[in-house]
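Two complexes follow with chain A in common, the first pairing it with chain B and the second with chain C.
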Partner chain A sequence: MKYYVLRITGGLLTIFVSSLLVFSLIRLIPGDPAAELMGLAFDPKLAHLLRIRLGLEGSFVQQYIAWITAVFHGDFGYSFINGAPVGQEIGDRLIRTVQLLVGGVIVGLLISIPAGIVSARNKGKWQDGGIMAFTTLMLSVPQFVLGIFLIYIFAVRMHVLPAGGWIDPHDNFVEWLKSMVLPWLCVGMAMSAFTSRVLRASILDAKNMDYTRTARSWGLSEKEIAKKHVYKNASAPTLTVVGLEIGYLLGGAFVIENVFAYPGIGQLTVKAISQRDYPMVQTSILIFATGFILVNLIVDLAYGFIDPRIRQR
Partner chain B sequence: MNSLSLVSVRNLSVDFWRVAGPPALSSVSLEVSPGEAVGLVGESGSGKSTLGFAIAGLLDPNDAQLSGEILFKSQNLLTTNQDDYRKIRGSEIGYIFQDASSSLNPLLKIGKQLTHPLMANGGMSKNDAMVRAKELLDMVEISQSERRLNQYPHEISGGMKQRVVIAAALSRDPSLLIADEPTTALDVTVQAQIIDLLLRLKKSLSMSLIFISHDLGVVARVADRVVVMKDGNIVESGGVEQVLANPKESYTQLLLANIPKLRHVDQSHSLSFWGTNER
Partner chain C sequence: MAKKEDEKVNIGPWGNSLSRRNVLIGAGGVATLAGVGLLASCSSSTKTADAGAEAKVGGTLDGIMTQQIPSSLDPFTNAQGAALNAAGPCHDWLEWVDTKGDLYPSLAASATQDDAKTITYVLNSGVKFQNGEAVNAQAVADLFAWVMDKKNAAWLNSRFDGVKTEVVDELTLKVHLPKPDVAFRYAVTRLPIAAVSTMAAQALTPSGCGPYKFDRWVQGSYVSYTKDPGYRNAADITLDGIKMEHFADANAGTQAFLAGGKNWVYPSSLSQAKDLKARADKGEIKYLPAEPGVCYLLNNCKTGPTADPNVRKAIRLAFDRKAMVDGPFNGVSRPFFSMLKPESSYYVPELEYERNIDEAKALMAKSKTPKGFKEKIYTPNVDYFIGLSTVMKANLAEIGIDITVEIEETAAVINRMFVKKDFNMVVLGDALSPEVSELHEYYLRSTGGRNCGKYVNKAVDKLLDEGLREIDDAKRIAIYKQIQMITMLDDTAFIPLVGEVLPAAYKGSNFDEFAGGFIQYIIWPKAKLTA
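And now, the complex of A and B:
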C-alpha cells in the first residue's frame, strides 16, 4: 500500500517539476513570440501590447501561476499563432498519437515475445543467431532511417501502402488501417529489439535459478518448468524494460510522426517550438510527461501484481 | 557389489566441458543400501555435490560428460532416456538443496509450489494435491500449516523454508533422499532442529539418505557410514565410528583437525557441534 502511495505521489511531483521545467526552458530559448508574430511589421509599441495580450508580461512566477491555475481549470490557453484553443487541437492529435503508440507497442510485443522465447529456447542455434542479428541491426539503425526504409520498400517500390498521412477511421476504416501499418511497424520493430533481448536473457536467467533446479528435482518436465516458473519469473524484468521502451517511444513519436507526416501531437510540438507557440509547447510537453509517468505507474502496479515482495512493501 | 544396494555407483566420472583441469569426479564408486544413511564429506570442490547431482540426474548433459554406471534399483540411470530418468527422479529420489532461501520460487505461494511435485507427470488433481500439501507441512512440523499454504517464501523464516523444501522432496515417498548441505545456511539452533527432523523422517519413511556435508560433527550424528572425498576421488570410507574416531588417511585426519577450535577451548560445549543433546 505504502509502495503505491509513494509511487503516485512521486509521479505527481514529477509532473509538477516537468511543467516548471518546460515553462522556463521555452522562455530561455532566444526569440520573442511577439516579434515572431509581427515579422517585418515589427513595432516596439505594438509588440508590448501584444505581449500583454499573450500573457507574457509580468514576472516569471506570475506567468507560471496564471498558466498552471488555468490548466487546473481545464483551460490550456490559446495558440499564439491562430488563437485556437490549445486543448481542442491537442486533444484531437493526442488521440492519433495514442493510436500510433498503442498499435506500435502491440506490434512490438507481438514481435518480441515470440522472438525472445524462440531464441532462448534455441540458445546458440541458428534461430537464436538470426534473431539476435536482427535485433542488433534494429538497435543500431535510427528510427527515422527505418521509417524511410519502410516507406521506400512498401510505398515507393511496391505501392502497397501509403507513404504517410492519416485517414479518419470513421471515414474509411480500411484506408485508416493501411495508413497505420508502416508507422506501427516502425514503432514495433524499434521497440522489439531491446525487449526481445531482455526477454531472452531473463528466460535464460530464470532457467538457471535455484528454484528451477528444485523444480527439476521434483521431476517436472522442462515444459512444465517453463510454464510454471520460467515465464512468470522472466516477465518481471521484461515488463520494466517495456515500460522504459514506451517512455522512449513517447520521445520517438516526434521523429516517427515527422517521417510519416502523421498528424499527431509530436509533429504539432515540433512545429510549435519553431513558432515559439508557448501554450502549445507547454501543454504538449505536459501531456508527454504525464503519459510517461502514467506508463511507468502502470508498469509499477503490474510489477507489484507479479512480485509479492514488491506488493507487500 | 551386493544386489541389495538401492544405489550403486560404479566408476562414475564427471567432466564439465567448460572447466579446464582434472574431472570433477574420477572413477568414483559408492553403494547405498536401503535404509542406510551415507555421509559424504570433503572440502568445497571435492566433488561431493557433483556426485549428489549426478545420482539425481540434475547435471545438464550440455555441461557435463558422465561415464560409468549409476544403478538405481538395478536400473542403469545413465542409459535411461531423459524422460524416464525424470520420472524416476520425481517419484523415487528426493533432493534437498543447500540454500533454502533460493530453492523456492519467490513469486509463487508455498501451497502452489508444493502441489507441483504432486501434480507432476499426471500425478494428483489440484485439489487432492492441496490437501496433501497441508499434510506434508504438518509432517515437517510447520505450525499453522493451513495459513502457510497461502504465504510466499519471503514471508516465512529460513528454517521454515528448508522444511518446505524437505516436505516437497518427501512428497512422493522417495526411497532415496539426497540432502546437500541442508543446514549450512541456517542458524545453529535451527540446524539442530532440521537434523532432528530429517533423522525422524528417515526412520518413519524408511528411506536411504545421502547426506552431503563438510561438517563432520553433523555427519557423525546422521550417518551410518562415511565417505570422504577429495579432488573428485573417494579417499576413505567406512563405518562412521571407524572413520571419524580412527581415520587412516591423512586427509581425513586433516579434516578432523580442522573442526572449529572452540572444541579445544571448552570441552563441555563440544556437543553443540554434534547437534542437540540427545535426551
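And now, the complex of A and C:
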C-alpha cells in the first residue's frame, strides 16, 4: 500500500509543480497577447485596455492564485482570442487526441508485438534482419515525413483514403473511420519501431535467464517456456516503454495533427502558444502533464502488479 | 435605384468617369489587404482548365486554407487575416475595393465623397442582417460608434478616431472626418457590416448580411456555411454551401488538394510550385501566383549603425533580389523596390536599381562604420523569411556586415518591433494595398503606426499630409513620387525585397478572380462550381 501511496503523492506533486512551471514559462517567453491580437495594427492605448480586460495587469502571484483557484473549481477560464470556454474546447480536442492515440497505439501494438516476437524467435535470420531494417527506417524517418509519404501513396496516388481533415463520427462513422486510418498508421508505425526492438531484446534476455534454463531442465516444451516464463518476464520492460511512448505521443501529437489537419489538443496547444493565449496554453499543458503522469503512474502500478518484488522494495 | 454591383461607383465631385484614376483618391484601407495583387498577377496558366466551363447549380465549394488556422472568426477585434478569411462568406461591406483600387457599390447603393472630409453613403433598401434586424443608416452608424468605442478594442479603432456620423434618413448616412482624409473609404472597405447586437458572439458564431450563413466551426478543422435565402441577391447565388478546411501544413494541404475532392488550396506549398505549374500547363489545375504582400527589411533609423543613411543605402545596394526570388520563393516571386506593385499608377520606375557591390562598399567606407559591424536580423520562423535572411546574410558579408540570423516566433518579432522596440534590423512582410498612401502612412510618417524604425523626416510628413488632401490624380502622383524617391532611395527608410507570393491552386470552380487574403471577399458572392 505504501508503494501505491508514494507513487500517487509523487504524481500529484509533479502536477502541482507543472502548473507553476507552465504558468511562469508562458509569461517568460517574449510576446504579448494584446500585440498578437492586434498584429500589425498594434495601438499602445488599445493594447493597454486589452491587457486590463484579459486580466494581465495584476502581479504574477495574484494571477497564479486566481487561475489555480478557478481550476480547482473546474473553471479553466476563457480563451484570450475567441472568448470560448477553455475547458469545453480542450475537452473536445482531448477526446479527439485520445481517439487518435488509442487507435495509433493499438495499431502500434498490433505491429510491434508480432514483429518483436518473430524477430526474437528468428534471431540472425532474414526475418530478423527485415524487421530490424524496418524499425531502423521508422526510427530514422521523422513522423511528418512519414505522414506526407502515406498521404502521397494512399491519397494522392491510390485515392483509397482521404488525405486528411476530420469528420465527425456522429455525422458519418464510416467516413470517420476512413479518415482515421492514415493518422493511426502514422502513429502506430512510428511507435512500433522502438517497442518491437525493446520486446525483441527483452525476449532474448529472458531466454537466457536462469529461470528459463531451469524450466528447460525440467523438460518443459519451448512453447510452454515461452508462454509461462519468457513472454511474461519480457512484458514488464516493454510495458514501461509503451507507457513512456504514450506520454511522448501525447506530447508529439502536434506533428501528426498538423500533417493530417486533425483538430486535436496538440494542434490547439501549439497554436495557443504562438498566439500567447495564456488560459488555453496553461490548461492544455496541465492536461498534457497530468496525462503523462497518469499514464506513467498506471504503468508503475501495473509494473508493481506484474512483479511483486517492486512493491516490496 | 440600386446600381448593379459590377458597376463602379460614382465618387462625386472628382468626376463622373468611372475610371480607377477618378475613383482612387485616397489612402487607407488597412494592412492586411492581403491578395490585392492577385487579379493583376494571374498567370497565363490560369486560362487552361475550366476555361469557359459552365456553372453548376448547387453543391458545396470545398477548399483548403493552409498555414493560418483561425482561432477566432471575429474580423472586428482580430486583425489577423485568418479570422476574416474564415468569416468572409457571411459578411457584406458598404463598398468593395478591387486589386486595382476601384471601388464598387455593395450594401451602399452609392457612396459620394462630398469633400475631403465628408462622405455620403446611401444604402440599398430592404436589406436585413442574418439575425433579422434591418440594415439601415442607423445600424451602420451604430457599428461605427462600436468601432470607435475603445473598450471594444476593434482593431480599426485608430482609423476611426474623431469620426462623426449623421443619420440623414433611413438609408442615408453622412460621415464627417476630423481632417481631410480621402483614404477613409478604403478603411471602410475593411469593415464588414454587422449588427452591433451580434458583436459579442462574432468570434465563435459570425453573423452579418452576406451571401452565406454560418453553419459550423470545428476549430482547427473546418468552417462551413450554407446559402442564405435572405441574402439581398439570393437569386445570384448558385452554391448550396461553402466549406473551408484548415491545414496548418501547406505541403499536406497541397497534397490533400491534389488527392481530389477539393476545389482549391490557398496558399499552396511554395516548395511544390514547379509541380503545380507543370500540372497547370497540362490543364489539370489552375495556378494563381497571388502576390498579396511585400517582404521588406526594416532598419532602425534612430540608433545603432543603421541610423547612418549611408549604411542603409549600402545595405539595399548589396542585396541580390534574384537569389531571393529563386531561393525562398522557388522562382514564383519578383524583386520589389517599392511599397507598391509595379502595375500601380503611382509606381516609380526610377526606384529600380541593379545590385552594386562596389557602390555599396564605397558607401560603407563613407559611413560611421567603415570597417563594417556585427548585427542581428530578427526573422519570423516562417520558411521564406528564414530563406530571405540567409540570402541577406551572405550578401551583407560582402560589404563587411556580419549578420546573425536570429529566428523568433512571429509573435515575438511583433512584440520586439511594437512593444519593446528593440531591434536594428528585422525582416517581415506586409500586405500590399491598391491605395498608395496606406503603407506610406504606416511606415514613413514620423507618427505612423508601423514606423518601428523610428524614421523621422518632416519634409516627408508634410508631403504625406498633402497626399491625403490632394484630389487631383496627376498632382497626387507627383507628391507620392517625391515621397518614394526620398524614402526608398535617398533616406532608405524602408527596403522592399521581393513580393510575398502565396500561390493558389484550384479546379472545378470559377476562382479566376480569387485574390487571396482579405480581398477574396469579392469572390464569395460570385463563387461557383463549374460543370
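Quick notes
We take it that the second predicted complex is superposed on the first by the 302 of 313 C-alpha atoms of A that agree within 3 Å, B and C clash if a C-alpha of one lies under 4 Å from a C-alpha of the other, contacts with A are read in each partner's own complex, and residues count from 1 in each chain.
Keep in mind that, in the parts below, a contact is a pair of C-beta atoms (placed from the backbone, for glycine too) under 8 Å apart; a residue touches a chain by one contact, two chains touch by 3 or more.
In this text, all values refer to a predicted model and were calculated from it rather than measured experimentally.
After alignment on the shared chain A, the placement of chain B and chain C results in a side-by-side fit free of clashes.
Of the two partner chains, chain C is the only one that A:F144 touches; chain B does not reach it. In the superposition on chain A, A:G31 makes contact with chain C only, while chain B stays out of contact range. Judged by the touch definition given at the top, the superposed model places A:P162 against chain C, while chain B stays out of reach.
Using the contact criterion defined above for the overlaid structures, shared-chain residue A:D128 touches neither chain B nor chain C, since it reaches no partner.
In the superposition on chain A, A:S217 makes contact with chain B only, not with chain C. In the superposed pair of complexes, A:H229 makes contact with chain B only, with no contact to chain C. Residue by residue along chain A, chain B and chain C are tallied for touches, and C comes out ahead. Residue contacts after overlaying the shared chain place A:G83 against chain C, while chain B stays out of touching range. When the two structures are aligned on the shared chain, A:E175 is found in touch with neither chain B nor chain C. Rounded in steps of 10, the angle chain B-chain A-chain C defined by Cα centres in the superposition reads 160°.
Note on the superposed arrangement: chain B and chain C approach each other to a least C-alpha distance of 48 Å. Overlaid on A, the two complexes show chain B and chain C touching no common residue of chain A. Residue ranges on chain A touching chain C, taken from their complex, read 29-32, 35-43, 45-47, 49-50, 53, 79, 81-84, 89, 93, 144, 147-148, 151-152, 155-156, 159, 162-166, 168, 257-264, 267-268, 271-272, 274-277.
Across the interface of their complex, chain B is touched by residues 209-211, 213-221, 224, 228-229, 232-233, 236, 306-309, 312 of chain A.
Every residue of chain B that touches chain A in the complex is listed here, in rising order: 56, 58, 83, 86-87, 89-91, 93-95, 97, 99, 102-108, 116-117, 120-121, 152, 154-155, 165, 168-169, 171-172. Only residues 30-32, 69, 71-74, 77-80, 150-151, 153, 155-158, 203-204, 218-222, 245-249, 251-253, 255-256, 258-261, 408-412, 414-416, 418-420, 430, 442, 449-450 of chain C touch chain A when the two sit together in their complex.
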